[in-house]
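Note that the chains take the letters A, B, C and D in the order they are written out, and that residue 1 is the start of every chain.
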Amino acid sequence: MEQYEIRTDLALEATETMQCHGSGEIRGVELEEYDVLEDVHITKVKIVTKNAAKIMGKPVGTYITLESPALEEWDEDYHRDISEELAHCIREIMPDMQEEKSVLVIGLGNRDVTADSLGPSTVDQLFITRHMLKEYGKKAYNVEHMHEISSLIPGVMAKTGMETAEIVKGVVTETHPDLLLVIDALAAKNVKRLYRAIQITDTGIHPGSGVGNHRNGLTNASLGIPVIAIGIPMVVNASTIVDCALERLAGKNQKFCDSLEYFRNSEDTQLHNMYVTAKNIDETTKRLSYTLSEAINIALDMED
Amino acid sequence: MEQYEIRTDLALEATETMQCHGSGEIRGVELEEYDVLEDVHITKVKIVTKNAAKIMGKPVGTYITLESPALEEWDEDYHRDISEELAHCIREIMPDMQEEKSVLVIGLGNRDVTADSLGPSTVDQLFITRHMLKEYGKKAYNVEHMHEISSLIPGVMAKTGMETAEIVKGVVTETHPDLLLVIDALAAKNVKRLYRAIQITDTGIHPGSGVGNHRNGLTNASLGIPVIAIGIPMVVNASTIVDCALERLAGKNQKFCDSLEYFRNSEDTQLHNMYVTAKNIDETTKRLSYTLSEAINIALDMED
Amino acid sequence: MEQYEIRTDLALEATETMQCHGSGEIRGVELEEYDVLEDVHITKVKIVTKNAAKIMGKPVGTYITLESPALEEWDEDYHRDISEELAHCIREIMPDMQEEKSVLVIGLGNRDVTADSLGPSTVDQLFITRHMLKEYGKKAYNVEHMHEISSLIPGVMAKTGMETAEIVKGVVTETHPDLLLVIDALAAKNVKRLYRAIQITDTGIHPGSGVGNHRNGLTNASLGIPVIAIGIPMVVNASTIVDCALERLAGKNQKFCDSLEYFRNSEDTQLHNMYVTAKNIDETTKRLSYTLSEAINIALDMED
Amino acid sequence: MEQYEIRTDLALEATETMQCHGSGEIRGVELEEYDVLEDVHITKVKIVTKNAAKIMGKPVGTYITLESPALEEWDEDYHRDISEELAHCIREIMPDMQEEKSVLVIGLGNRDVTADSLGPSTVDQLFITRHMLKEYGKKAYNVEHMHEISSLIPGVMAKTGMETAEIVKGVVTETHPDLLLVIDALAAKNVKRLYRAIQITDTGIHPGSGVGNHRNGLTNASLGIPVIAIGIPMVVNASTIVDCALERLAGKNQKFCDSLEYFRNSEDTQLHNMYVTAKNIDETTKRLSYTLSEAINIALDMED
């Protein structure tokens, strides 16, 4: 059943779907898993070959996913622990940052749509240093080494009339950062991943992915600098949960498997543009954006 | 298949479910339907007997539902037309308002959760007169007749520590309104009704219904004055869309109908507390609350 | 110069004005001052006689003011220290709370007007227990003793059409709390007190005071239970800063003192309804409401 | 008394101050005034010579100011009339727009600080066409001629770490607009101008002006395309109202004029970073941004 389109931004879920459809180990995909802290599960997916990329529907590169049910609950101390763990993952995927670098962090998404506001909210809480370092030097912070951090919330195309890629490219050309971090809300396939997984990848952002699909690609190839994308699944397409249920049902009743495809399509049509979300999404977004911003602040702190 | 629990706040959908399950005309339920304007459909459901109330899972009383795909789109002029049509429906269900009355409008729900903020947002935009009439009389407005309008946004139990019913009862006892209007976000069964139907009923609000279940009943019986509830479906439970798909599937493949029930329950568990919503819910809520507030303002205007 | 009207909600400033006008020690007013922590100054003003109340323009009772420049800056740890110090002050002024009590906290003001939103923002962050204790008892929290905390954000009269006092009275009658805490934004006379002073008083709230003047009195006399009011100066009337400058100038040039009064009145007219505020008021309000909510949570915690 | 620094972004007020200090007609400054509608006053200030620019503290160019007390009140129909009048003024100052042009509108300021959010709020409500025209052509709107409108809310330097000018320059270089419109909150000298005046100028934005001072210049010289700035006074510096009162007082008591300067400075110090604003600024900003966005939408509509 390879015809099942994978509606997920998580490489981890793409892997699962492949395995689930009997592919077992996928050639050209390297998997590594381990647990940290109390209940934090980390999965590294490396897509190594172009063929694997095609099968997975995800570009060649590294995808680290940190999963924890604790992400959805509120324990201030534990969130700090998770932020630190997340900072490790970000550092692992970042290029060498031993020397002082200039980093531009982009918050994608629409700040007026709760599920899509993760990027803007995260960026709002970052520790920004570039303007101070430019004006007063490192004595402003009384430190020996410090990265120049800047940030931008470009807005969505429906509101700006511009591709996000145009805006970011212009600003990159003008301010010459060494590295781009991009924060975005993702779509998952499985509701159990909602608000409970954080994906970090060195592949950047590709057209058509993400909740709002609000942009062209932001990649090393298009911008000329490394692009690291960090995201959390904030929605599941409504049609996905129906599809998944039908798929599981088909697994159990092989005989009517064929009639399912047609039925599935007619069901999905009316669920177009509908999303599955938890009721307390406003609070959850606030909390996750804080955890994310803390992780980035730690990862970019040279004294840490 | 009467065992299918009806997860909807709309009497109209309860009726449909009954009919759909082969009940045809339901004894003790009177139905009337007609179209107005371009594409506005109005349905009146009267539950007349206690037995019908039990079958329908809704109290005895009148339920008027105004449905229009235009509600979800934005055409300022047409929304005004709908507001006026809605005002007619509200007036039809209100007790005699020929003489000056005192009306308290309650906005139920959590203003910090978008899908649940319909009540607070609507009430925020009402034309409030009570304090001016008390202080300066009708000359403040240069009119001959005017109702005393007041409003309250009680908040949700998790934030107040009090049942909404306690707060409302206290305020009713202190300020003696003649009529209570209650605005609330509803849950629908069918995604096609999301943001596209408005229900007005003289039965008030009953425990356990509504998006947030944030209150005890607000009824004529509990408060001693007529209570009219106005609501719009803002969410569909995620499990409902899976159930509906499975139900439709079962209709087509009678043989595996039995195994479906068990499967359904296991699917539903993981969708607990998940809701289906459209992506642009923030904007939709803003618009619908405006249309609703206009309708109430018109319905309560004695000069109109 | 008793004709100088005292436009301040702070008893401390009323005292200063008196002293400043040569009254020195004021009969019937007891003053006590001390410092705690690094730079926190605490002043206790007790107005003991009716005559002193008349002169001061404030009711008989106790007013504790905690002042610190640190309140306006952001140091998370130090704000925690201040919250604890503030909790001491609140406990000092509260009636005996050895036994379990029911406490209703009211957040006065308009949540849509930044300077007036201190009350609603503070109440939004409180630890509310009443509904859980009513439903599950103390085992819900695994504690031996716990106060029943509830809260209400009544809204402002222009939006509700009701006096805040009517709403509060109704809810008090219905839910029978033992104690009322009322949080409100205050007006100061001196800009140096903006965001830097917290006043706690057992006199409750009196008509005409406060930023928005949005309510009748909330006092022990009107409600039948102790009422403690906690507030922070969030605005200074614009005319006040002109008056203060002119007053200081007059002190230095006695001869044209007489012509000043007429001039002052004409200046003040155009400043009617204008307020002096700092640019970062949105952030300041957020921070102060957090510090205040923490203090109240500590003061009402029986295990602490 | 030329030493009086002019703390205003309005050329109109700079003119008044000059005249007020006895300069009468100012060489190199052309003034024209007329009334439209019921109570809308329009003033055109043309600064023609470099010398006049130096005296006025404003660059050479044209400044049109539309003033009306009605701006601060809410009459939907009248605001529409004002929007149309304002659209005339904008068209008058814009370069020839007979042919289709590409226009980028920038909303300066901090959206989280109410008084500074005029620019972002206005831009949020604009009719954006560029992405649709690029994707579907003019048939998307069923029109013959249409400008390409895009917009950007760059954020403030404290949050982005970049000069606004860097961000705008990058985006201009990437997307090649023909014209830049910049919306910003201004500072006035006289409180009577707060929320009641709209200034349009072809001089762009210059460093150090504006409420937040959050940017380098945005001018024809720096960007290579015409830059039109549109702004409304949203704050008056607190020290300004004291200075103005003292100045007026000095005008009446010439003898103590000398001692005033020293006194003034000591008064001003404590008012540093304080602003005068009206209480209902949140609502006022919402309304003004709507009026402004309507005016820009009309001015850029080729069919109108």
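Here is the rule we go by: contacts are C-beta pairs under 8 Å (C-beta built on N, C-alpha and C of every residue); 3 or more make two chains touch, one makes a residue touch a chain.
None of the values given here were measured: they were computed from a predicted structure.
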Partner chains that chain A and chain C have in common: B, D
Where chain C and chain D are represented by their mean Cα positions, the distance between them in whole Å: 38
Distance between the centres, which are taken as Cα means, of chain D and chain B, whole angstrom: 45
Centre distance in Å when chain B and chain C are each reduced to the mean of their C-alpha atoms: 40
Residues within chain D bordering two or more other chains: none
Overall pattern in which the protein chains touch one another (line/ring/star/complete/other): ring
Listing of all chain pairs that touch each other, if any do: A-B, A-D, B-C, C-D
Touch list for chain B against partner chain C, complex: 124, 128-132, 148-155, 157-163, 166-167, 169-175
Chain D to chain C touching residues, read off their complex: 112-116, 191-192, 194, 211-212, 235, 238, 241-242, 245-246, 248-249, 252-253, 256, 259-260, 263, 267, 270-271, 273-283
